[in-house]
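Structure provided below as structure tokens; questions to follow.
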């Protein structure tokens, strides 16, 4: 579904992504892990055209998208939970969710159905329905950002650290939810700092370091691999 | 006793962010503040640091009421904070970001800078030296001339800590410092907080990483829906059924 | 022989642009005529025009440029009084004469600069004459003023108000407005309360025509006098029926019974397709004045022109026979005109 | 490289020598215009660029000081005394105004500054000692120790010197602890305040200094032109200064000078297009904004980026 | 008493012209997060378009108005395409602001080049004067007031009830995130600017008969419109209208009760007082910054 081949991304002179290739097949649940500054967020930005790629190609559903405009890429059926939430601060929760459905031009019945599901998942949002997102707590905003992405009923869902700022219980529920929507047919690419958690829910994982993919394998295998253990898990317990 | 929160309530129109919350922070300790999303933790920091004026109740710092002061005044008394949402100065370099924190501990005025007095120059180079030192605490000294906006998310949070430290606070309020850090980085953060605590900083910590909180804090306050539902040492709190129901969950991590 | 080089400063853009347009038309017609008739000393006269943007500082820029860079022999302009007041200092300093045929503020010549000459009358003289006429000939006793709060509207009407008091009339109201405004009902309501017999409006014809309409709308029954600048066909076009009966003082108007005026009118209409007004006449005159001064002074040198200007007594221009006073201010005849059925006619 | 190191010296040498070598009185005149404007714009840059605030009322301070200095000197005050009194008194007024209007921010600050400008302008326009709407005429040229300065070249050097001194003063402020505080306010006011910076105090300071620069430039303006009228205090002139600050490069003192010179030249150059002058001026302005959104002082970077591409 | 009401009506009618401009300023602010300094020139341009269609070409008002609106839309979106599109990428809001100043200079100068410096008369749609007892209001002003309320209602619906309105507001808050929602930012901005030009045209055409047409008729009104928009509460549709009416009434009574020479001083002093007491305008809510 998503084929990234040998792309490079620069911020001025900073070479943030170095000749990276990543594949996500239809129906897969893939996670991307790596330390601060490894380039995970940059990769997501490159996929949706927010950071121009230098070389290589990005294919989505068989079509080249690397030189498309961001909004056009999104309208092909991608949703993203961006780094730092980026809710629309002056919009109410309701409006933030509504705008998430813009790209797909959902009917109002579909929208209502999605909204019900999201409010079910995050009851907190129901209480805050008419509140401006900018005045909500960090975790509440994160819920809005996730809900907003789900409103797009995406073919491919990109998540950049969705668990950030969420209380433990909510994180657990979120992961269950992700599994659910994956089971329902969505393709997911998840960036997470919480490596254990990510590798538990995902099928496959990529490990990034300084702009390069240094390992990629089955999630289980990665979870047990020495490289990961040393870098991330060895110190646990 | 350094910081004392007394009967604080905070309302925004219909929303009650805090209801009659009281607790004390003991000098030299690490106090944890936990609770579900939207429980009012950040709001409490905002009240203590002077961003919000409480609807009712008072905050005392060394028996001195601070709830009516402006935030820069509160900072000068020795209360510094970091932010849950990134609030670095995006267009300034890292060292400049931290040097802003030194402002409250330096004095030179506009006139002495116009005449470039020796005192002014010395003070400035001293501030710079100290800022770089603080950057090294959080491992960012190598990037000191980078613009803050170009840092990855996790490192911007670290910068925020260095900047708060630059104000030479007695109390440091940390709002989710571990968010966006991976396990290894959390270990360094834990070490840093321990080190700071050993250096006699009093610390109040908001975190959703329960393990980190339990390991670091000697006392924990739990909020839910703006109410304090529990308070005590890690054992007490962890076994409090109200806390388990509201926050920790029975499964446990 | 040397070519005569004239510098022109006019308000092509900015607030006074409409009057800059008059200035451009008047001066260019004169230059064209003179050059068609052989120019000065057998050489066509040259001119350099600068836009002062209706801004005094830009006027100074223009004067410096014309004098220092273009080395003109005389400057004609500007349409705006403040601009002229500001830049004539440069003429004084570099000893290059400036001749004005349009600006109305008394200050232009009151500053007492030796190198500043004005062929048209001041608005103060014109407005006072009109008021005096109505007070003494028409028995008007109650005058109200509504004037633009600027150098254009205030000084002449203050003079006129003083004159009114001197001849025994009362000034019932003196209201002001700002350039660009389009509603004057507050001022007019105040004026209405004082039941004046005459309302004197001094400003641009754009606001003036709206005021005329609103006077009718409020049902105020008084004779409307406007300043010379409003005495143009545009005023009727804009004010419509409300213009009827409005009176204005002027230095010149079409249809005068003299050869010069008729010739000018014809030539102007041929070139620009509409009737000229007093401003076109005055600015047209200002060019002829410079050229005649050069002739009488014996050459195109600034010094010679300056000398020639002093010898112009009796030289006939559209505005009458030239007679400069000790401050180089020309005097002249004030005529009263009125709008009657959309036409400008002499007022009896 | 060389340019970087000796840039200042080369620039100063050029500013000093060009009028002397070309000896074109009009060029000298434009030089005076540009340097005078540069002084206002540098001060404005401190407030807009460094502190991140906005003012559309600086022309009022410029004009007010011009009036004060002009009136004082006309009534027999010495030149230096008039300038000093005008600058300081307007600075005090600026401080008071700052204490009032800086309670607002953003667009509301822009409006408040416009309001202050209009109020001052209306007062001047309707007062009798200022000459009312007809302006203040016959303001004397400066005289120092009995010597009257009526050479444009000398005036140019005086204004140039003032500009350079002003630049150094502002440069030292912006490079100091105070400058850091101002920039932090521009970046994030709340964060700055939470770090102990008395934000309001610094804003007032920055506003006061910038009004004093405007005021000082106003006095230089009036003793040169010999004339000032209330329109010079108006919104269009304030916007004009603002545009200069922007075109040069906001938040950059070199940019202020470049902007002042560029706009002065641009406006003059456009005159060559006759009736089209205003259109050409507007178009050139638009082109600069389009291709150099960070201002003219960003030109070297843009060229470099263009080269490496 | 009657006079008091009459003067109030006069003030409100003038205020409605301010409100019209303020509404257009609100639209651009809500959609592009910039104050459009060229709004007065759109107003002027619209009035001249109406003049060309209605007077020069002799079309009936029913034809001339929609034609002018259509041409205004084209003008606005064209200008956006040429002069603003490139800047949208650039986060710097000041560059947009300065560009609208450049647009203001250009539009005005083009109008002067086409129509000259003199003034034109736009025939009134109706000459009547409506009278209620002793109180009168000219019918043309009644049209302006009606237009104000119609536009207010339309804008309200646009912002709160339509998908375009939602996109427009999203774009103003955060362009990058708007793109992440699949919104074509350039197109939305293009429509916004086109619409603001249309609003200018409508305002210009209903207002023109009251005044006269000149190339610089936009100059004063933009300041009043800007003031009105802020006075009511920047970005609020109802605020723009309230601000316009308030400003009109303040000016009317300022002129009546005090010397007219000090009219601006009075109204701007009151304005300054209001924004000091209510730093977000009459209807604006206090912004609490959440951190």
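Per-chain numbering from 1; labels A, B, C, D and E assigned in written order.
Convention: contacts are C-beta pairs under 8 Å (C-beta built on N, C-alpha and C of every residue); 3 or more make two chains touch, one makes a residue touch a chain.
The structure presented is a predicted model; accordingly, all values stated were derived computationally and were not measured.
Undergrad: Which chains sit in contact with both members of the pair chain A and chain C?
TA: Intersection of chain A and chain C contact lists gives E.
Undergrad: Give the label of the chain whose average Cα location is farthest from that of chain E.
TA: It is B whose centre lies farthest from that of chain E.
Undergrad: Farthest chain from chain D, comparing Cα centres?
TA: A
Undergrad: Quick check: how many Å separate the C-alpha centres of chain C and chain D?
TA: Each chain reduced to its C-alpha mean, chain C and chain D end up 35 Å apart.
Undergrad: Please tell me the distance, in whole Å, between the geometric centres of chain A and chain E computed from their C-alpha atoms.
TA: The answer is 42 Å.
Undergrad: Hey, how far is the Cα centre of chain B from the one of chain C, in Å?
TA: For chain B versus chain C, the centre distance works out to 73 Å.
Undergrad: Using CA atom averages as chain centres, what separation in Å is found between chain B and chain D?
TA: Chain centroid spacing, chain B to chain D, equals 42 Å.
Undergrad: Residue numbers in chain E touching 2 or more other chains?
TA: Answer for chain E, listing residues that touch two or more other chains: 109, 112, 261, 264, 288-289, 291.
Undergrad: Quick one: which residues in chain A touch 2 or more of the other chains?
TA: If we look for residues of chain A contacting two or more partner chains, we find 135-136.
Undergrad: So which stretches of chain D touch two or more other chains?
TA: If we look for residues of chain D contacting two or more partner chains, we find 125-126, 190, 275, 278.
Undergrad: Which pairs of chains touch each other?
TA: Once each pair is checked, the touching ones are A-B, A-E, B-D, B-E, C-D, C-E, D-E.
Undergrad: Quick check on the complex: what are the chain C residues that touch chain D?
TA: Residue list for chain C touching chain D: 12-13, 49-51, 53, 55-57, 60-61, 64-65, 68-69, 81-82, 85-86, 89, 93, 105, 107, 111, 149-151, 154-155.
Undergrad: In the complex formed with chain E, which residues of chain A make contact?
TA: 48, 50, 69-72, 74-75, 80, 82, 86, 88-91, 95, 98-100, 102-104, 134-136, 148, 152
Undergrad: In their complex, what parts of chain D are in touch with chain B?
TA: For this pair, the touching residues of chain D are 169, 172-173, 175-181, 183-184, 186-188, 190-199, 205, 209.
Undergrad: Quick one: in the complex, what on chain E touches chain B?
TA: It is residues 288-289, 291 of chain E that touch chain B.
Undergrad: Hey, which residues of chain B end up touching chain E in the complex?
TA: That would be residues 12, 42, 46, 51-52, 83-85, 87 of chain B.
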